Amino acid sequence: MKYGLVGASGKMGKEIQVVFDEAKHSCVYTYDVEGETKIDAPELLVDFSLPVVLPKTLELVHAFKVPLVVGSTGFTPEQLSQLQELGKEYAVVQSYNYSVGIQLLLQCIEKVKGQVDGWDIEITETHHRFKKDKPSGTAIMMKQALGKDVPVSSLRLGGVTGEHNIFFGGLGETLTLSHTALSRRTFAEGVLKSAEFAIKKQSGFYSFRDVMTQSV
Amino acid sequence: MKYGLVGASGKMGKEIQVVFDEAKHSCVYTYDVEGETKIDAPELLVDFSLPVVLPKTLELVHAFKVPLVVGSTGFTPEQLSQLQELGKEYAVVQSYNYSVGIQLLLQCIEKVKGQVDGWDIEITETHHRFKKDKPSGTAIMMKQALGKDVPVSSLRLGGVTGEHNIFFGGLGETLTLSHTALSRRTFAEGVLKSAEFAIKKQSGFYSFRDVMTQSV
Amino acid sequence: MKYGLVGASGKMGKEIQVVFDEAKHSCVYTYDVEGETKIDAPELLVDFSLPVVLPKTLELVHAFKVPLVVGSTGFTPEQLSQLQELGKEYAVVQSYNYSVGIQLLLQCIEKVKGQVDGWDIEITETHHRFKKDKPSGTAIMMKQALGKDVPVSSLRLGGVTGEHNIFFGGLGETLTLSHTALSRRTFAEGVLKSAEFAIKKQSGFYSFRDVMTQSV
Amino acid sequence: MKYGLVGASGKMGKEIQVVFDEAKHSCVYTYDVEGETKIDAPELLVDFSLPVVLPKTLELVHAFKVPLVVGSTGFTPEQLSQLQELGKEYAVVQSYNYSVGIQLLLQCIEKVKGQVDGWDIEITETHHRFKKDKPSGTAIMMKQALGKDVPVSSLRLGGVTGEHNIFFGGLGETLTLSHTALSRRTFAEGVLKSAEFAIKKQSGFYSFRDVMTQSV
């Protein structure tokens, strides 16, 4: 597909271009702090920038009349409502986490949770020393998938991109589900999957979870 | 419930009695190399002995008219047929592996397998130095759940009861599902679950998988 | 030897009796929540109970005038001083962990610690749900080997005998040292080794490391 | 310094250029499958290519009369002898792994190996799907540190940079030493350190361990 990219010069923006290139999709439009480039009209728009850019992104979606995949973080409830509203006219995928493996981890948690009555459950998450919040948002999502509160141990360790473990412990056995993010590529691949999902939809407001589930 | 136990003096037999006792079930009948003890008529029969004992077990099921949970390993196809035949009259649960966690691992594998196109998959299994077969039967079950052949690395290490890992590796992330058996108790708990399942059934030939799925 | 056992009805107490029996040592005295039994005067005392029992144990050592092997965890610095003081009169072996592998782990920590300036260090320990103290005595020994305080995450999980990990994290790499106890027997064998070491000594305050190195 | 790079277009070749650039060293010569580029005469040569390229590298060292840092893996004993021979005339640093953590891992292995008589030992190594040689050069170094041959399981998995584990298994416990490389940058930094070490030497055949200890 021919796609446009808002936030093209950011770390995620660059990673997205590498992954989309490998999948033979062409970046024909970029919008950035450095300005605008246009080779052709995009068939889909990706936005990995900042919440402050959202008005411009909405304007672009209406101008090109194309689906949107958005991965900026920190939207206000009002901005999220604007995106949901946009979903009535165009296909919109919005998520704060585009990792395929984390979605699979959450699905496994939901599969297991009803079958381990009386077992203990513990979560650990390890991230680089620069991460400030504890526990990670992903650990919170894991507890939501589990449907109950369990202990979370947070480790801050060197340059670790991100690792999450959930342990289900019976008296005679332990089941462990683990996810390790190796690089930002993880997330770029989730964005690609979302783009290939969104381009087939007429309209609708979707989470990355919907993409994972409905793409099967 | 009041239950009978064929193979009561074996390692698994002893473990089963500990676990069933804790669940307030009474062992009222035993059959063993040392002979027979009978306090009362059992409502269910458990057999963790040897294939050579099967004729006696079949005789006992017919005599007491009760369900059977059987965990002996190494049956011939003919013996498995006899057990299936018995299932037409009584509830019969038969499995070579009564670990709850391994069943959950298999369910997770089935959940994940269709969503990781293009990822690499590797299995490792670690067992004590006395285990002779490679790869483990459980690793073979994991490949069956996956629906395709993948590499299995077998480690033989000291006194490890049993550990199985499956790695799903994308270019930017790794999802790992692991199971560790801590002791024979694992299996005794699966037998308990199967007994509590079987006692509610009129008839039928069930795997431990059926017990796990239908007990939910 | 004829030995006495404080904490005889605990999980470790039972395991110690099995291992000492196999080595032809006779348990002639027990002290426990259930009371006191005395067949004969012990030649050595083993204490695997709780810190609160220490005054009674000290009293018994003085009464019987015998060496002591103590494995209770969670002593206060004052209690440790009392044990060291006792070592001036009797042979005392004190350790929070009687496994060979933990001693090797501690040696590795001492090898690594001076070569990872600027790296982050984290410890995790996982034990069965019945373990009361946090962090484990072994985790405390690991921090002592390290020579500085680092975060310890304590997980309580099903029937896990005992697992300890130490993570050294640089910006580009992680080094992890892990120990897993497969059964309590491992510790009981270390206690036996320590008892057979202590009974030959007139006095002195010894660690399990001393037992290991001087027994070779 | 002005340096030459054999294997410049490989993944490690590119990473080395980034790290050397940041340290203000200039790449003035490259040799590659795509051919040869020469801006100036290099003062030092780095070779991160394949064993098959070694004859060309030796030729270049003799032509430019400069030190060599070589990180290709999978050399034959004969090729290693040729490099040792070269060390009589020029400074040569040769290692299958240029990370600090791997050196620490090797030191721990040497510490432990004499104290685990009768235990089983297993090594696993996991690398990205593009790695061609099995087992990894690092796994071979681990066996050398151990002083004996043990089984090595090689996993090839998605985008994993590099992970090595060594398991020491007794009947009652397991000790595991693990290293995870988070990015190739770690290795490139070790190569830089080695280059800055080698350029000060007249001659000699050095390991990365020599670089680490003598640089302190």
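Which chain is which? They are A, B, C and D, in the order written, and residues in each are numbered from 1.
The rule we apply is simple: contacts are C-beta pairs under 8 Å (C-beta built on N, C-alpha and C of every residue); 3 or more make two chains touch, one makes a residue touch a chain.
Bear in mind that the values here come from a model prediction, so they are computed numbers and not experimental data.
Following the contact convention of this document, B, C is the list of chains adjacent to both chain A and chain D. Among the remaining chains, those touching chain A as well as chain C are B, D. For the copy pair chain B and chain D, the superposing rotation over Cα atoms measures out at 175 degrees to the nearest 5.
Ranking every chain by how far its Cα centroid lies from the centroid of chain A, the top place goes to C.
Separating the centre of chain B from that of chain D, both taken as means of CA atoms, is a distance of 47 Å.
Mean C-alpha positions place chain B and chain C at a centre distance of 36 Å. Rounded to whole angstrom units, the spacing between the C-alpha centres of chain A and chain B is 39.
The multi-chain contact residues of chain B, meaning those touching 2 or more other chains, are 158-160, 170-174, 182-183, 185. Listed in rising order, the residues of chain D touching chain B in the complex are 119-120, 122, 124, 126, 128-129, 151, 153-160, 167, 169-174. Across the complex, chain B meets chain A through its residues 99-101, 104-105, 107-108, 111-112, 114-116, 168, 170-189, 212, 216. Remark: chain B residues 158-161, 182-183, 185 touch chain C in the complex.
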